[in-house]
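Below is the structure I would like to discuss, written out as structure tokens.
Note that the chains take the letters A, B, C and D in the order they are written out, and that residue 1 is the start of every chain.
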């Protein structure tokens, strides 16, 4: 693929994940880090023609005013991660990409997220359509200025409160009519971005539990615009373990009596989640997976608490109580101590590469074969991580089988 | 299958696993417990014609003199497991089966195991062949007295020290010649039992890390006698988790730096394992699985310590140190608190049912499709639990596809 | 002390703690268990003339109708505790004490607790004074029928929601006037019992976080009636550990950044605590101790969740994040798995013995030297467990020094 | 104390602890860090006239050739600790102190430690006396060149294998005669240093489990030379917790059944401890404390394993099994994740300040009041951390009471 250039546009670009994606992309293109934690760098993906790190141009929206390096240095200082030499060597790339950052919209984002905004130049829109058009101007400008062959838009912003699905959300024609109303709550803000991206024929991935493209009308739009959708809610730590361990209990016919998960973390995500409305969307996404896998409903409880001193080090304690032979009750507990941004960032890059590739090969609409990356996968009921991963491997094998003869 | 009767012969019948198998079999046939923890009770096994609990007659060898109920009551008192009402209701069955217990051999079993023997009527044999013939008299007598259609012999005895493979072990003809020598160390005691069972055309399963049928000559004998072999070392707890979690790290391209596992337990198995020679066989079996799965060699360390107060409650603490994106190091720890006998017993029953079924359908030799039950599976290099389970499910599906037309 | 008989009256007698106190008292008097877990059985208490288990008669209030043995058997069955033989041998004593149980009052107890009541004969009272008089009739009847030298009343009932202190609560004379009003919320139900007991000159101990005697007017009443008060909220597990570990951080000048404690349990206490109003009183009591000990306010978070399958096995996970030399952050985590009733019951007996003894030697009012038994000690600001214990040991030494010459 | 200058001489100066002491001393004198983790910075020590960080000159022996900054940068890079800016600002001080480093002796240090030596200029001595004289030349030179009022010598070198006490060790006169023999094993190397320091009238502290001054003849020498001794084996993490938690079980009359502690670490100390001979001294020191505190012998097991990837982050998992009321068995587990050097370094500074002060005020011989700093305290049988700390506070109060009138 000679002289290809592709765009990765991050919604919430200045957060921990966004900063780490930027640093990681720069480090990879400069050969300063290896590909550990990039799923698409595994040998089984060798058959796919994926975009290389050097092919990417980064841009994004954020409601705060800062430079990408600021987020990186904050993670470095507060969470003790990132080699200082590596950060220094990548600083120039991050500065270049800063020029691609644009003020985001807060129309319908809820108070807690709006309260994080510190820019005075946030665009104001009176209707969802006006907000979408502002977003599209930014996206279109990014594409044309950098002469990008393709763009993927990925939502890595803080979780918004859950919102009810409305009748207008189910049919694309009705949704389009409703966008002109002066009604800020008509679409959640994450869906404004999703609409904007898909409508421009860009690939769209939702790495958060926010609504995004998870409304019936938006896959319809994706099909019409020949682009792809994947989501939602990146599966990085505690939930990943749940979807690996629950299948073990199921296959051994051990009965899960209760599954309690406590998560503590201290980054901006944690702060937003300390608002019970925003938290509820996240907890729902984390809490459902066990019942989906075992096929019955053990008592479950999931909590997320903001503990400032932990910064980006999310710590989860899970307590699984299960019943074995002759009614005997036993316990499995685990503690997971992971750096949230460093777990998420490579998966965001994987999804960018896979979504762009899927669009190129002609796939449209929701892509269920990317389920292994998500807590609440769209387009499939498969929650078992290893089965999800096999769906992906099978997709890769089929693709390789198809593309090889032509090469 | 009208009027079928099958035999389950346990080597080490009076240990924790043996006692629990006896209690469980009695409880299941009397409808006093449900099938939780029996893998073969899962719906995906419905297509196989497996023997029902009521079809089984129990017998076994042991080097101690006791009744089956003694082991059950000891577990009940020391480990606080088993409902007293259930034990009472099953006592009669256990007493009936006591009549099928025979004194085992200690020829070549090593000092620590020999030290547990408390019978004065242990048979003495001067050659391996003589010991095998004594064992075969007991097995043959069991089969004829109870008019059994089939017998499966399962080793659930304490772990013996590792022994070197000799030239005579590799070819059946040479082995047969060597059996007559007055050389007690010629075959480890677990292999004497394996030889005896296989030579009589009985199915043989090794639930321990001892050698058993894991010598080239014995699969050869199994083919000649039209019977099946499976093993070795039942995968009940900590190692099960390793073979579920290691694949997660591999598929996420997270690099395992070190994996430390500490096991503490206080039952007779633990006591035998406090002899370093016996422990080494067990630790080797537990320690190898991670490297097999991830494809490189992280630093690993596995310990097993005898802590008397824990009785049958094996507690394992595992500490996994791994590297993510940009070189960041993270940690997963788990604690597993399981009742060892109650974890093992249903798997022993599963293997009895599956081995008898395999022999009936004409399979011979080593059965790799039972790998998911073992720490050190024979006949395959697959250590990933969920892939092992798929091997089993695939086998079940193929069998059902074959047997359905004929039914 | 020849022919002494003393009464132990439990408010909430049929709960897990009450049942275990009854079983334990019976087992101790029959010599069926040793004195493990009884603090007052340690050698340093030898100098005190404490009542022996055989001197005690048991009675109590409860809003449910059941027998003491029912609670014991429920713990035995659901939580797998208590030796069946021991329960059998003590059943007669428990039945005898059942005759001393009386229906409790729910005046002002809050909905969640009232919802547990299953008796149709609960006394109805229109004023706090009327409720107190009903309680006093039961207490007085117990004392006279059994010719008791002394009675101690201990609150082991479920936690009530917190209630505001009113002006009438601060001065005894005003409180007495207000008791006649038809106003059910005038005093929380735990304080009705406290008033009733103290007013009869009985010793009163509050083992719960409910208000009880923790109103300024009630110590005043205790002094007037020559009796003693101790409380509140028994320190049995997670909080005990907090008050042992926090002093370690303080003495090593390690800075606690955050202390998170998650408690899960499945007994009736847990059920009551799943009502956020009742939970708030408990969490406040557990959450405050760290700041009291270290002298500054680290971020703290304490949760209690009702997880049915755990029954009486309270499991706590605490995560302590602290800063050491040169700003380096480190972590201590602990998991506590304790049987709640078995931890509490011996402390209830200790407090009964100590309170009766204190009253006999002429102490009156709040007894701060019993602080080591409580999460929220009355009459002292000392939260450090080992310092609290030294207060108790010092008291015992002084007492022994005084009483020895006279003996 | 105008114009005082004191010397801190570290045996094993280039290890993790030594490097961190150097960095910490520099950071404190430059006001770049606060006094967190320095016990002697707590208000209760305000009454003592202790030397300020700026009063100290650093020197030491090591068998490796390196600069102090090398160890610091290694910890920074491998364990992710120390702020880069702080290290930069202190580099000059460390370089100045490098000039005070001298090659150590390996006479009688055992193979594993000797194998770490990488200097070709290590002094060779044919007799213990000759080795002592070489050490004394270095110490004397340090004292005179820097015109030091006092010097304290602290052993922070790797643990040596345990050695048998000989008759010559018990009486000073006999020891002095034996020092001239050509017998390298006559005194362990740690005792050569101890002898050398004490004989010069310098204070001596042993922060390791090696023998050091723990031979009857050496306190005798200390009295004769008017200097002080303290030791041994700094109590920084897992053992600190044991000596805080075991007293809790004792005071609550809960019976400890077993206490298992597994330690994993990856620094040079860990490497030395992977030699079973060196490990045995350490394990003995860690393993004994529980029995000393509870007054009986629960089953205990302590392990230390070298896990390279952990570097300086020592992780300990302890499992405590205990029996409560009515024979019920419960569990406490903890996980400690601490940076070993950062835990030890401030205690080394505390001991330097306290030992110099004790010598100034006229104390001589073993100082038991410093027991709270050690796993195996010399001169006392008190292992309970909080009681040990009270011994220290009492000593401080007495000292303040004495010194105040004179001031």
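Here is the rule we use: a contact is a pair of C-beta atoms (placed from the backbone, for glycine too) under 8 Å apart; a residue touches a chain by one contact, two chains touch by 3 or more.
These numbers were taken from a predicted model, which means no experiment stands behind them.
Enquirer: Expressed in steps between touching chains, what is the minimal separation of chain A and chain C?
Expert: 1
Enquirer: More C-beta pairs touching across which pair, B-C or C-D?
Expert: C-D
Enquirer: Centroid from C-alpha atoms only, then distance chain C to chain D, rounded to Å. What do you get?
Expert: 45
Enquirer: Averaged over CA atoms, how far is the centre of chain B from the centre of chain C? Could you give it in whole Å?
Expert: Taking the mean C-alpha position of each chain, the two centres sit 50 Å apart.
Enquirer: Mind pulling the chain B residues that touch 2 or more other chains?
Expert: Residues 80-81, 331, 333, 335, 337.
Enquirer: Please name which positions on chain B make contact with chain D in the complex.
Expert: 80, 257-258, 260, 262, 264, 299, 301, 303, 305, 307-310, 315, 317, 319, 321, 329, 331, 333, 335, 337
Enquirer: Going by the contact rule set out above, which residues of chain D touch chain A in the complex?
Expert: That would be residues 80-81, 84, 335 of chain D.
Enquirer: Under the touch definition given earlier, write down the residues of chain B that touch chain A in their complex.
Expert: Interface residues on the chain B side: 20, 23-24, 27, 33, 35-39, 41-42, 81-83, 86, 240-241, 244-245, 247-248, 251-255, 323-328, 330-339, 342-343, 345-346, 372, 385-387, 389.
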